[in-house]
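The chains carry the letters A, B, C, D and E, assigned in the order they are written, with residues numbered from 1 in each.
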Amino acid sequence: LNPPIVPESLEGWSVLHLMYRVDWTRMREVPHKECKRIANEVVTTLAVEDPADGATAYVQVLGHKGDLMLVIFRKTFDDLGRAELAFSQTALHALLIPTTSYVSIVELGMYDMTGKIHRQLAELGERPDLPTYRAAMAAEMEKQRQRVSGRLFGPVPKSRYVCFYPMNKRRGEVHNWYTETFERRAEMMSEHGKIGREYAGKVIQIISGSIGYDDWEWGVDLFADDPITFKKLIFEMRFDEASSKFAEFGPFYVGLQFPPEDLEKYLSATLGQP
Amino acid sequence: LNPPIVPESLEGWSVLHLMYRVDWTRMREVPHKECKRIANEVVTTLAVEDPADGATAYVQVLGHKGDLMLVIFRKTFDDLGRAELAFSQTALHALLIPTTSYVSIVELGMYDMTGKIHRQLAELGERPDLPTYRAAMAAEMEKQRQRVSGRLFGPVPKSRYVCFYPMNKRRGEVHNWYTETFERRAEMMSEHGKIGREYAGKVIQIISGSIGYDDWEWGVDLFADDPITFKKLIFEMRFDEASSKFAEFGPFYVGLQFPPEDLEKYLSATLGQP
Amino acid sequence: LNPPIVPESLEGWSVLHLMYRVDWTRMREVPHKECKRIANEVVTTLAVEDPADGATAYVQVLGHKGDLMLVIFRKTFDDLGRAELAFSQTALHALLIPTTSYVSIVELGMYDMTGKIHRQLAELGERPDLPTYRAAMAAEMEKQRQRVSGRLFGPVPKSRYVCFYPMNKRRGEVHNWYTETFERRAEMMSEHGKIGREYAGKVIQIISGSIGYDDWEWGVDLFADDPITFKKLIFEMRFDEASSKFAEFGPFYVGLQFPPEDLEKYLSATLGQP
Amino acid sequence: LNPPIVPESLEGWSVLHLMYRVDWTRMREVPHKECKRIANEVVTTLAVEDPADGATAYVQVLGHKGDLMLVIFRKTFDDLGRAELAFSQTALHALLIPTTSYVSIVELGMYDMTGKIHRQLAELGERPDLPTYRAAMAAEMEKQRQRVSGRLFGPVPKSRYVCFYPMNKRRGEVHNWYTETFERRAEMMSEHGKIGREYAGKVIQIISGSIGYDDWEWGVDLFADDPITFKKLIFEMRFDEASSKFAEFGPFYVGLQFPPEDLEKYLSATLGQP
Amino acid sequence: LNPPIVPESLEGWSVLHLMYRVDWTRMREVPHKECKRIANEVVTTLAVEDPADGATAYVQVLGHKGDLMLVIFRKTFDDLGRAELAFSQTALHALLIPTTSYVSIVELGMYDMTGKIHRQLAELGERPDLPTYRAAMAAEMEKQRQRVSGRLFGPVPKSRYVCFYPMNKRRGEVHNWYTETFERRAEMMSEHGKIGREYAGKVIQIISGSIGYDDWEWGVDLFADDPITFKKLIFEMRFDEASSKFAEFGPFYVGLQFPPEDLEKYLSATLGQP
């Protein structure tokens, strides 16, 4: 039996989602000037000078799962560790109650590419268990990495609405993604991608991998200008085979993104007021 | 293979259910006059001038899952965000402990309509993957939206008893709603709807969609003048195929609705006293 | 296909189980006289003048799930709401930490009766979907209601030991109670009831329905003079088909009932001392 | 169809496992003399004069699930209630945070005996549903009770290492212990027992039943002089059919037993120091 | 039927993973000198003079599951108990909030060895249920223990990135590791091991057994110089049969290891700064 073909992937930003409740009772007692200072301290702490070094998104989450979600993009886990540690020293941090978080790395799954190269190498007589195969695949992936580096280390979409959820591919006793053949998996991923492309221009999606880092296999961030788009897109996808039979979804978070300079307004509860 | 037919839906109010425990120990220490002020502040904060802009329902929940449930209906997620933020600044908020919440958008599922238009378009040679099909369907849906706008953005029923619960359509390894044919799904939804109609006049139901917003696919609010009706209705439905094989239910919340002007009585614990 | 036959039921007391931990550290600091006053306030608050209006049971729970369980029986949800709100205003409430609760309505399932009347009506040519059938069934149920009103609105058994747990009928992918025929369900319920009757005189059982009110379908309260009886009864039942294949059990609570007048002793920790 | 044969059991000690975290920050501030008094108060409160009335084991638990586990053995639930209430009044209790607990009654399962007597009675023409059968079985069980009373109400093993976990027999949709025949169940229990006997002298096991009392069906306490024995024993058992197909395990607790007189050392953190 | 063959294993370090949140609000108020003292106290408390007696690893965890993870390796559970108790007395402990923990013992599974010796003994006519077999196997294992003692009681890898997660072998109703034949299990473990060996030099893995000690069967610690390696390795393994069909994974923790002498920097939030 041939070993299963594992799809290649390319990695980008290290990502840390941090969700917090705000202790509004204490926050309300903070004088206006101090509130400004508190907001500035956070924004400065989490800012990066060069967009090539990362970015930080600020989201007002709806409901009790959190008031504030920070999405921190950095080049390495070390950078994330530094950012988290620095944030823990801010005055705002003392007014927050952590609810949850998510650790992941931006990931471009390469089902098509893996399949294509695999077939090419197979024709050359290469087999996945040979070092020459591994080297050829790695070389090809390196080429791809150059091509898609803009997506691996891209800017955070500015869209008003943000939806985040983690997910798994099911390993059920009947339906098991990981025992399906590479061809079937590639086919389902391709069908899945088609639906996504129908929403091009309406939704921007950032997939990050979290195997080995957090409790689900992937994190999904969606950005849109109309929150109904999230519902329509995910509902439509739920009927494709990759989702209907093989997807398991974690908790969903939805919120309103605001630019860092509005953090002060958010904390003083004047955000969005006319 | 034809792609699965996805039922269309129409969207109305953005909805935020907020559940809180009251810190009664501290609330009891609030002087009567202050209690009145606290209640007024909340009611004013969550009121909307024009019913076309939304509504807010107040519910005394039974049991430990919460003392007070607010159900906030607004036109957009931005409005919900503003309402939640404004509420967090009230004096009452400092006396509450959040327990849970639910984010959703009022939704009218259109199984019948989708099926009918699909058949009409199919007779005209249209297929769901053609842009002309999408346009024709969108046009028809827009017509429907006008027709049912009263239900999409309707008033909150005044009924005394409120029942709220979230639910999913099962994606089990044997029974999977999302892999059933459109015809089977439409048939089951129709059978399900018949039971609901038997309770017309006794129960008012508001369905909201939460895919992409919260941890279940739909939220269900039931309003009735006799709480036994909730039990009878849901129990009877549990035997229909859409529920028996395909429904998964989240936590249930039940409580007593009171008009906003009674919030003061609730907080001073004189509500319902002779 | 005929629609499934839904068993009728009759409803009695509205029931609220409330479980609390006692903050013993603060309770111990309460002077003896004050402790007496605190206990009296609770007992007075939760007492009903006429046994026809309800009752309140006090239970010392074993283990960390709670120290004190109150089981409040009232005629309506409004009465429960008033009782819960009034209790929240007592001095004792400030010394308690809520752990969990359960909302339900006493229910007599009428499988036998439903079957019998159904057969009688079927012989008369009535069908469940005809209004005449519904009316005839309702009339018969009203007769039954008179007959069993003593069980619907009966007194709380005085037995020393109390066991409470919620449960569901399974809707699994293989074994699904709600897709079994009425005849099979009636047969299994009858077999289940036989075991219960063998324990007549040893255990008193109160079943309450919670579909639409709480997270499980039914609540079960057992009362006995020997706690081993609970174990023997439930274990024996676990082998009957209604339980072995179709029952799902929630958390179990067991404790020692004491009369309201002993609340003071419980709070001062002298209960049960010689 | 014959009703399933339910194995008889004999009952011994009522058992309460109580797990607590110690508030070490406050404990460290307790002066040495006071610490001694605090420890003495607990030991005196939970001691029984006559070993025939019960016993109390003290265990230092490893990890965050608890620092201190008390295992209280008494003759009745009333005695447990009194012990728990008395403990809640000690000075130490105010320095503890409850994490979890377990309520059960020591139980000797009598599969072999039940089978033997059942066969004897069957030869005499008795059937489980006849009162004469019940009486004969009860008489035989009473004889057995005398024989094994030392195991039903035995002393707590002094072994250094203690492992506690609750478990169920599975009622899955494919593998269901409670629908297997008595003969198959007896055979599997016998095979299971054989592995246990290979560890005789290395592990002492106390099984307690918790159906009706707590969230799992049984509690298992293991005592040994080498903690690796726990791992070897449970791992080996995991391959026998009673475990591999039919066991479901709850949380595991492992710790170091110390004699009551060492409680002071534990609280002053000098336990185990040279 | 032959009893199932249970793979032998060899045991090494007793291991305690302790995860904590830091109360940064209070930590920030600690003066610099005191911070140094606090860090030194911890490092001294958890240090061992002789590496043969154990080791302690310090990890900055990413996300809300914890800020600081301590991994304590000792020779016995008594040593772990002493270390945990001593740590609870440090000044730092009062500034930490425990989140979770894991108790286990380093374990080398010996599938190959067990199979080989089993076959040799079988040829000699020995059977697993004979004492002579047990003795021969034990003697052989003792030889192995000498050979691999460096891995049983080895040093903690110094790698910058650490990934920890617990796991089970599935006992599902369809796929059940524990009812597979020894040969199948050995084959799958061997295939699983091959993937691991491809990552030799990139990842160091420490497996510890926790049956009887904690809620999962094994704990896995991975150490690497690039965190992407964790994702690649575990993803690739997810397709092998031992994982795809038979592995169940618990929560994942990932973080940045730092040497004990950097604890002060971590606590003063200067760690990783230029």
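As a convention for this text, a contact is a pair of C-beta atoms (placed from the backbone, for glycine too) under 8 Å apart; a residue touches a chain by one contact, two chains touch by 3 or more.
Computed from a predicted structure; not experimentally measured.
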| item | value |
| --- | --- |
| Touching chain D and also chain E, the following chains | none |
| Interface composition of copies chain C and chain D: same or different, split at half | different |
| Approximate Å spacing (C-alpha centroids) for the pair chain B, chain E | 47 |
| Approximate Å spacing (C-alpha centroids) for the pair chain B, chain C | 29 |
| Chain E residues counted as touching two or more neighbouring chains | 173-174 |
| Overall pattern in which the protein chains touch one another (line/ring/star/complete/other) | ring |
| Ring topology as an ordered chain list, initiated at chain A and continued via chain E | A, E, D, C, B |
| Chain C contact footprint on chain D (complex, rising order) | 3-4, 6, 9, 11, 14, 16, 18-19, 77-78, 80-82, 84-86, 88-89, 93-94, 98-103, 105, 171, 173-174, 176, 178-179, 209-215 |
| Of all residues in chain A, those that touch chain B in their complex | 21-22, 24-25, 28, 60, 62-65, 67, 160-161, 163, 165, 172-175, 222, 227-228, 230-231, 233-236, 238-241, 243-245, 247, 251-252, 254-256, 266, 269, 271-273 |
